[in-house]
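My structure is below; once you've seen it, I'll send some questions.
Naming follows writing order (A, B and C), and every chain is counted from residue 1.
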Amino acid sequence: MSAATYTISRSTPVSRAAAVAGLILCLFLAAAPWWAGRADLRLMSEIFLYLSLASLWNLLAGYAGLVSVGQQAFVGFGGYMLFAFTMFLGVSPLLAIPIAGVLGAVVALPVAILIFRLRGAYFAIGTWVIAEVFRLVFAQVSDLGGGSGTSLPIDVVKSIAASRSARESTSYWLALGIAVLVIAVAFLFLRSRQGLALTAIRDNELAAKSLGIDIWKTKLVVYIVTAALTAATGALIFLQKLRISPDAAFSVNDWTAFVIFIVVIGGIGTLEGPIIGTIIFFALRETLADLGTIYLLVLGLVAIVVMLRAPKGLWGMLRAKVGIEFFPLARRVVKPSETQDGRHGK
Amino acid sequence: MADPFLTVNDLTAYYGDFQALFGITLHVDAGEVVAVIGANGAGKSTLMRSITGLLSNGPDMVCWKGRNIGHLRADQIAQLGIAMVPEGRQLFPSLSVEENLIIGGQAGRKGPWNLEEIFKLFPILEERRKVPSTALSGGQQQMVAIGRALMSNPDILLFDEISLGLAPIIVKSIYEILPSIIGGGTSAIIVEQDIAKALSVSDRIYCLQEGRIALEGPAATVTREAISAAYFGI
Amino acid sequence: MDWINSIVQGVLLGGLYALFAAGLSLIFGVMRLVNIAHGDFIVLAAYLGLTVATTVGLHPLVALVIVVPVMGLIGYVLQRGVLNHTLGDDILPPLLVTFGLSVILQNGLLEIYSADPQKMNAGALETASMNLGGNLNIGWLPLLMFAVSVATIAGLQWLFYRSALGRAFRATSDNQDIAQLMGLNKAHVFGLAMALSLAVVGIAGLFLGIRTSFDPSAGPGRLIFGFEAVIIGGLGNLWGTLAGGIILGISQNIGAQLNPGWQLLAGHLAFLLVLAFRPRGLFPRIDG
């Protein structure tokens, strides 16, 4: 039993199977325009966009400890950038989406410098103030419809693709694409040195500090990357809606409350949590949406109960019971004879 | 033999997965002064935290005057007459000297100690009663910590590392004052690293080593050799 | 003259903002909890006042005697029943639970009272005013509310620094473990702190409902005003919070004077300027 015979492994049979299954699922979903109806395609697009927002918020709050209730600032900002660049500068919508992302990162920097002065829960409310400022500022821009908003001109819409079905397919693929991109970015980031540092900070801030991990810089990077991808997602959301207004663009309920509930119910601080949460959220919505405000009441109640009784969410409960992990983040020490059995060792 | 005031039976304690105490059994009789000595990390402070209820413990592990108190909260235990002078004084920085003392009497137990008596014991504190507790010297802070514990008129006083971080001359004066505090039926547990000091005021000693009791006996008869053997585990 | 008028009105409005802030500040000081649903509780208190005023037929200001204790009771039960279970090293649970509460309150109020804006009628008191020369008029009602706000802040200040309860609050805030050793049950102390916070919210909500119209979605905005007043004034200083509220009120009124669309924006701008140049607030507490 010499030390040299041990290896470090992250992947497990389950995670390898999940990777293959995930790939097949992605291909299957990418083919949806050929097998799904128009309404299903729209619903699935919305699911992917929420999955993207939820994974981003999870990265921010669940890993970096930056609990924001103001991510609608970047959703709305991205949406408005899409409208501004396509309407005033004649930029193609497909190009305007990455532009919105980059600009999201650019505005996130001064915002971060300001609100990083607030700690913990006050940081959360600070992000909310920023979102309010964004909303009020965009409501002042009369070229973008002021307080009542504006619609995407028909020639801009047509520039995406000539036929309606081609447009719908394109925006579906974009939604699927951003969800896959966000999850991939989160996964690769968490496997990187910085991601590891972040997890260390989350698990034990004091210990991480004593190891000299630069918390501030890592958190800043996460905040800015998240803002960029949130803005790009926002641009896609309003490309689907074709209409934007300050209240819709910067809605705390739509872009933050729902997203938080998704992550909390699914399992905060895991990559799988937002996926599970998104599925549950939409299943609930499709069955309870007729109840209107009661549905929101139930959602709030479920989130509170989950937070109190199962703070790791449904995925956390499942993982504690069966010990599986679809996204191989944890490292395990594996004996050569056991390389095929990832459940052994830690 | 006097009635046992405090009995600790086969006490275990954990911090998460880490076990800090492995079956500690000890007792303190009425009016008795017991010293608990041991190296850093031997489990002395954990023992204090378990007795005072800051660390939860199993049924029947800690009994007070024949009654099981292991399931009680720290504030309920405090009401029963168990007071602690915590390690590092731990005064309330937002409270003045006087307020720190008054809050010690929060439980409202009757007895000889009140603000006036504390000021008689430590006259310097009366002069500085309105000062924030953070403005005091280490020795004065220790006086407040002792006074704060006395204000609850306890039946047993737990002193956790009473001389840690204080100048020798202050430690000396505190030990000179101790007999006048714990005379008259009040029991005490003195947790101490300074073995000679602890022996000088105690009736019996327990020596902890890695969460277990390595040695116990009357303070007058234990030998230095036995103590060092237990202390260092050699 | 318009300018002086808007500044004076801003000061009076600031008193209300300080009331929004005081409860928030209090519980943060005692247990490091930030109640995201704070604003929604203000709105809840306004609706409670409305219900009491219309069903019992009391004057809205008299409804205080019912609303304030009821809110205090809600606060105590909420803290003991729910929020105490969320407190610990992790800031996430209290934040998310109060966020969930916020959504529940908003939608619950929507279900009961509908989205129509409501307002309480304070009768003749609403229009009574005194003339301070020129066209500078000060309404008796805003003045009365301002006086009550200042008195409430003064009362809280006294309670926090001079009373046995305040001593228990400060001790528990300093060191929860040692406070327990003094015989203080922290669950109870925290319950009392939340009760006090929501009692103040009761006053604030009633005043809000008399001053302006409100609807179930008005909460988050009030939370933000209260929060901005706390940060502008500096954490842990109630008189600073009053000053912060007044600065916020003046900024908003000056903004509105420049352009009606800039009212809220000007308030946020004042907050951001303070955050940028005096991140500890204008009147931070001097420790030690």
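We take it that a contact is a pair of C-beta atoms (placed from the backbone, for glycine too) under 8 Å apart; a residue touches a chain by one contact, two chains touch by 3 or more.
By chain, with names taken from UniProt: A, C = Branched-chain amino acid ABC transporter permease.
Nothing here was measured: the structure is a model prediction, and the numbers come from that model.
Note: the chain lying farthest from chain C is B, by mean C-alpha position. Relative to the centroid of all protein Cα atoms, the closest per-chain Cα centroid is that of C.
If you average the Cα atoms of chain B and of chain C, the two centres end up 44 Å apart. Rounded to whole angstrom units, the spacing between the C-alpha centres of chain A and chain B is 53.
With centres taken as mean Cα positions, chain C sits 33 Å from chain A. Contact residues on chain C toward chain A in their complex (touch as defined above): 28, 32-34, 36, 82, 85-86, 91-97, 99-104, 106-108, 110-111, 220, 223-224, 227-228, 231, 261-262, 264-265, 268-269, 271-272, 275-276, 279. Chain C contributes residues 167-168, 170-171, 173-175, 177-186, 288 to its touches with chain B in the complex.
Across the interface of their complex, chain C is touched by residues 52-54, 73-76, 78-79, 83-84, 86, 90, 92-95, 99, 102-104, 106-107, 132, 134-135, 148, 152 of chain B.
Contact residues on chain A toward chain C in their complex (touch as defined above): 61, 65, 67, 69, 114-115, 117-118, 120-122, 124-126, 128-129, 132-133, 136-137, 139-140, 147, 252-253, 257, 260-261, 264, 268, 293-294, 296-297, 299-301, 303-304, 307-308, 311.
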